[in-house]
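Two complexes follow with chain A in common, the first pairing it with chain B and the second with chain C.
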Partner chain A sequence: MKDPMLVVKNLKVSYKLKDRVVRAVRGVSFKLVEGQSLCIVGESGCGKSTLGYAISVSLPPNAVIEEGEILVNGVNILKTDPVTVRGKLVSLIPQDVGAALSPLNTIGEVFADVLGSIGGGRDSSLKVASDILKSLGFSDPQRILKSYPHELSGGMLQRVLIALAISLNPKVIIADEPTSMVDASLRREVVDLINTIRYNYSVTTIIITHDIAIAPSLCDITAVMYAGKIVEIGPSKSLIEKPLHPYTKMLSKSIPRIMKLVELKPIPGLPPDLGSPIKGCPFAPRCPDVVGDLCYNVEPEEYRAGGRSVYCHLYGGASHDTISA
Partner chain B sequence: MTRYLLEALNVSVYYALKRGLLGGAIYDVKALDDVTLRIEEGESLGIVGESGSGKSTLAKCFAGLIKPASGKIMYKGRDIYSLKGEDYREYRRSVQIVFQNPHTSLNPMMRVRDTLKDVLKASGKWGKDGERKLAELMKAVGLREDILNMYPMELSGGQAQRVAIARALAVEPKVLILDEPTSALDVSVQAQILELLKSLKKTYGLTYVFISHDIAVVRYMSDRIVVMHKGKIVEEGPSSDIIENPKHEYTRSLIRDLIKLYAHIEEIST
Partner chain C sequence: MPVSLGYIVQRLFLTLIVVLGVVTIVFIATRIIPAHPEFLWAGPHATEEQLRKAREELRLDEPIIVQYVYYLKSLLQGDLGVSWRTRNPVLKDIISALPGTLELAITGFAIGIALGLPLGLLAALNYGGFIDKIVRTSTIAGSAIPIFWAALIFQLVLAIKLGLLPGGHRIDPSLAIVTGFKPITGFYTLDTLLIGRLDLFIDVVKRLIMPSLIVAIYPMSLTARMTRSLALESLQEDFVRNLRSWGVSDSTIIRRYVLKFIIPPLVASLGLSFGYTLVGAFLVEVIFAWNGLGMYIVMAILSYDYPAIIGGIMIVAIFYTLINAFVDILHAHIDPRVRL
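Up next is the complex of A and B:
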């Protein structure tokens, strides 16, 4: 077994507001080895972005890490100067690509700035940038380097941001909803691009998405997040094909299929407000398979089988062969 | 009397586009190129195409928000630009449009109650039973009544889109033009809104023009699909024909891309 490249241990992150505390990440743990990729899926408001910001040390000022550890290549990044972590160990590709770059600088200036931070001169920086852009499918990198962000299409900007994210050879890259606001035709391109960097740069990747159906084409492993916690995690293909947690099952039934007309079964209601205390299983109020009071009162523990972990009372006391994943 | 409720006849639309910071050359973008499309009362028509293919421009032409450079938009067989007085008001009331981003299409300074009240008043439907109408509208779109007292900013994306739908329904329209109503929402909220729209269609006998870049969503919502590419209609037909037997290469590529991305979920038995 290889040493893990990324270890997240019992991570808890809160936002402090004037009158209350929002517990956005309530105890998340997982490990990834070099080159492995993880999809984090779930509805809006479940803490996916907060988890991504924490791992890329880019949380907003009102966020507090209450507990936990994040190790990248053995380095505890929560106890390290963020300047030596951001971009160098972990890079974040933000959700809003339009707002990610200053309108006043050319793409070349941005690259020179980023690569300059590790001591690269301007010319060598531009050479490196041009090589990366070329490897990501830009036929004329020189023109891109001379462009301002507004002169590029959304798809091109996304490509540039991915190039920037890998430019300092980080160990871990996190992309927040890279396929969400792009149209279906462009989505295919973005997925191919992410897979290119996964394989060509053997970087460990985390992809955040609300779209569980896209997970197998992007990542080896999928973690389903609900109310600030992982409720199910395992190899992407088997998790989609044989979901165990009722939440995972219902997420899959929310997605229209193309070849077969299958009636959608939306999950009723909304995820819980993370600013209020949560008792028992957070999914219980929306769950079709509630097993009595247990679900409302006791938080489910981890049950493991076949490389899968699931947190649900349905599997309470289940032996390894009853939940074969 | 025609059996078509709405028609676009040989419609072309151009946008003047300025290039370069200091003006520079002026190009015309041909957003719609000789488009003809007829919509029957009671049908669910889907329009699919990539971003920039002209879907929103066509939607706005149908809703009377953009006047075509050439061609005609017909409502019940009459050119909408020849309608006067009550006929024109009836057309504007009967054809309602719901946009992608409810947070920008709702007035941020107005409580939900006032947004809906204004629309009812403007169409002469606000009377003694006004409050009851508001309660019915909220119920129809699956929202609690206390949301009437909130501002759009306090609502989730799905709740705000339900308010936008309620506003469109308030004037008792015949046609809803739904321009990417779920593209900004997460998949589970999308499923809720799609099911809501299906049930509203049945309850009120509405005609739908449902627009999306996602051909799976369009298929789910429509009896008939129109595929747009670069301002033209490249293929149209019953939904199942378009999906199972696409004729145009562009339609095939739309389907192929989705199947490739969603292979695993496509294969799950139900």
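Up next is the complex of A and C:
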């Protein structure tokens, strides 16, 4: 067994607001070895992006890491100067393609500053940038470098963002909803591109998505997040073919499947407000298989089966004497 | 070219209308004040006959509308009339007074921006912290303090009590007489250097420090406040987080990205505030016995010197509207999103 490249241990992240605290990530743990890829799926507002920003050391100023560790290649990046981590150990492929780059700077300026942050002049930076762009399939990198973001199509921008994220050879890359803002016709292309860089650079990848359908083609492992926690994690294929957690089951039923005329079932209700305290299983109010008081009062513990972890009372996670206590 | 010729013509036309409006209002205001400027014109101890002749020369007995038409007629020929107080052509008086005001206002304005910009950035980067609180409190105070009050306090403490800096005048009056100093451009810092008199230059600079610091208070507060809020807004943009996550340092992000968003709106509102700074300079001039347009207009008002009042205020109006037009055009040039 290889040493893990990325270890996240009991990570808790909150946002401090004027009148309340939003607990966006409430204790997340997982491990990935070099080159492995993880999909994080879940509805919006579950803390997926927050987890991604925490790992890429780019949380907004009002966020606080309450607890936990993030180790990259054995280094605790939360205790290291961010300047030596960002872009070099961990990098981010951001969510909103349209707002991801400054409208007043050319792509070349951004590359020059990103590559310049490890030393090296403007000309050599642009040379490197043009090589990276070429390797990602741009036939005329010089033109791209001279362009402003609004002069490029969504698909091109997506590739530029990927190029920027990998330009300092990070060990871990996090892609936040890489397919959500591009045309359906381009999804395949983006998925292929991420797979290509993953193999070519043997980089450990985390892909955040609310589209559980793309998980098997993109990732070895899939983690389902709900209300700031992982509720189920395991090998992508088996997790999607045979989901255990009721939430995972409902997520996979809610996706449209080409050629199959099954009725789409959106999940009724909304995820809980992370700004208020949560008691018991956070999914209980929406769960079709809810088992009375137990689910409402006791937080489910981990239950392991066949390389899978699931946090649900259906599988006997919690012992019954905790209720009476 | 983001600015069309049509736009420039339109702005010049607008300037013309504003100036005409100002001239008309000031003209009417001076004529309905119950004053007797013929006493000034005829000199002390004038006889009835001399006073009658003075009223005739000044056309004071004609209907206002006739006086107004005469005034506009000579204005069209570039003639602002003769000052009743100094008996010089008003235009000549204004041209010699203007550099004093501009030297003061421009120096104060530049100091204000040079201090306000870094203060605002520092506050934004320390959002909610100690530096931020200090900058925020002092900029609110800075834009609320009445300028003449600040001028009096500065003068009292720095000049009169502590004797650190001279308390008035653009140049030491006796030194100017002894050395036979004659203004060339009217900007004394420049003129003293042009004639190669370092001692005079130092005297002029010393006298400029206090009044220009007072003039700087308002632009500094405005710059710091605007820079802070614009920077805070930009720092929340996705692209700032992304640049950080790719390894770009905060100072590079500020210098090469955030400033591009801050400068255009800053130029726009600072440009508009230059008019306010000019007015501030007028007040400071009066308190520091500073020979400039403010002093000239105040003296004109005190002595019912109608042509000087109208001419002086008209020049201010022209300046004000032209600066605004210039700022808009500049804004369009540095912000690629603006088209005029």
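Keep this in mind: the second predicted complex is superposed on the first by the 316 of 325 C-alpha atoms of A that agree within 3 Å, B and C clash if a C-alpha of one lies under 4 Å from a C-alpha of the other, contacts with A are read in each partner's own complex, and residues count from 1 in each chain.
As a convention for this text, contacts are C-beta pairs under 8 Å (C-beta built on N, C-alpha and C of every residue); 3 or more make two chains touch, one makes a residue touch a chain.
Quick caveat, the model's predicted, so the values are computed rather than measured.
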Touched partner set for A:217, first chain B, second chain C, both or neither: first
Touching partner for A:83 - first (chain B), second (chain C), both, neither: second
Which superposed partner A:251 touches (first chain B, second chain C, both, neither): first
Which of chain B and chain C A:187 touches, first, second, both or neither: first
Which superposed partner A:270 touches (first chain B, second chain C, both, neither): first
First, second, both or neither for A:105, with chain B first and chain C second: second
Contacts on chain A seen with chain B and repeated with chain C across the two complexes: none
Chain C contact footprint on chain A (complex, rising order): 53, 56-58, 60-61, 82-83, 86-88, 90-92, 94-96, 99-105, 109-110, 113-114, 116-118, 161, 164-165, 167-168
Chain A contact footprint on chain C (complex, rising order): 127, 236-239, 241-249, 252, 256-257, 260-261, 336-337
Chain A contact footprint on chain B (complex, rising order): 50-51, 156-158, 183-184, 186-192, 194-195, 213-217, 219-220, 240, 243-244, 253-255, 257-268, 270
Of chain A, residues touching chain B in the complex: 43-45, 180-181, 183-188, 191, 210-214, 216-217, 236-237, 240-241, 250-262, 264-268, 270
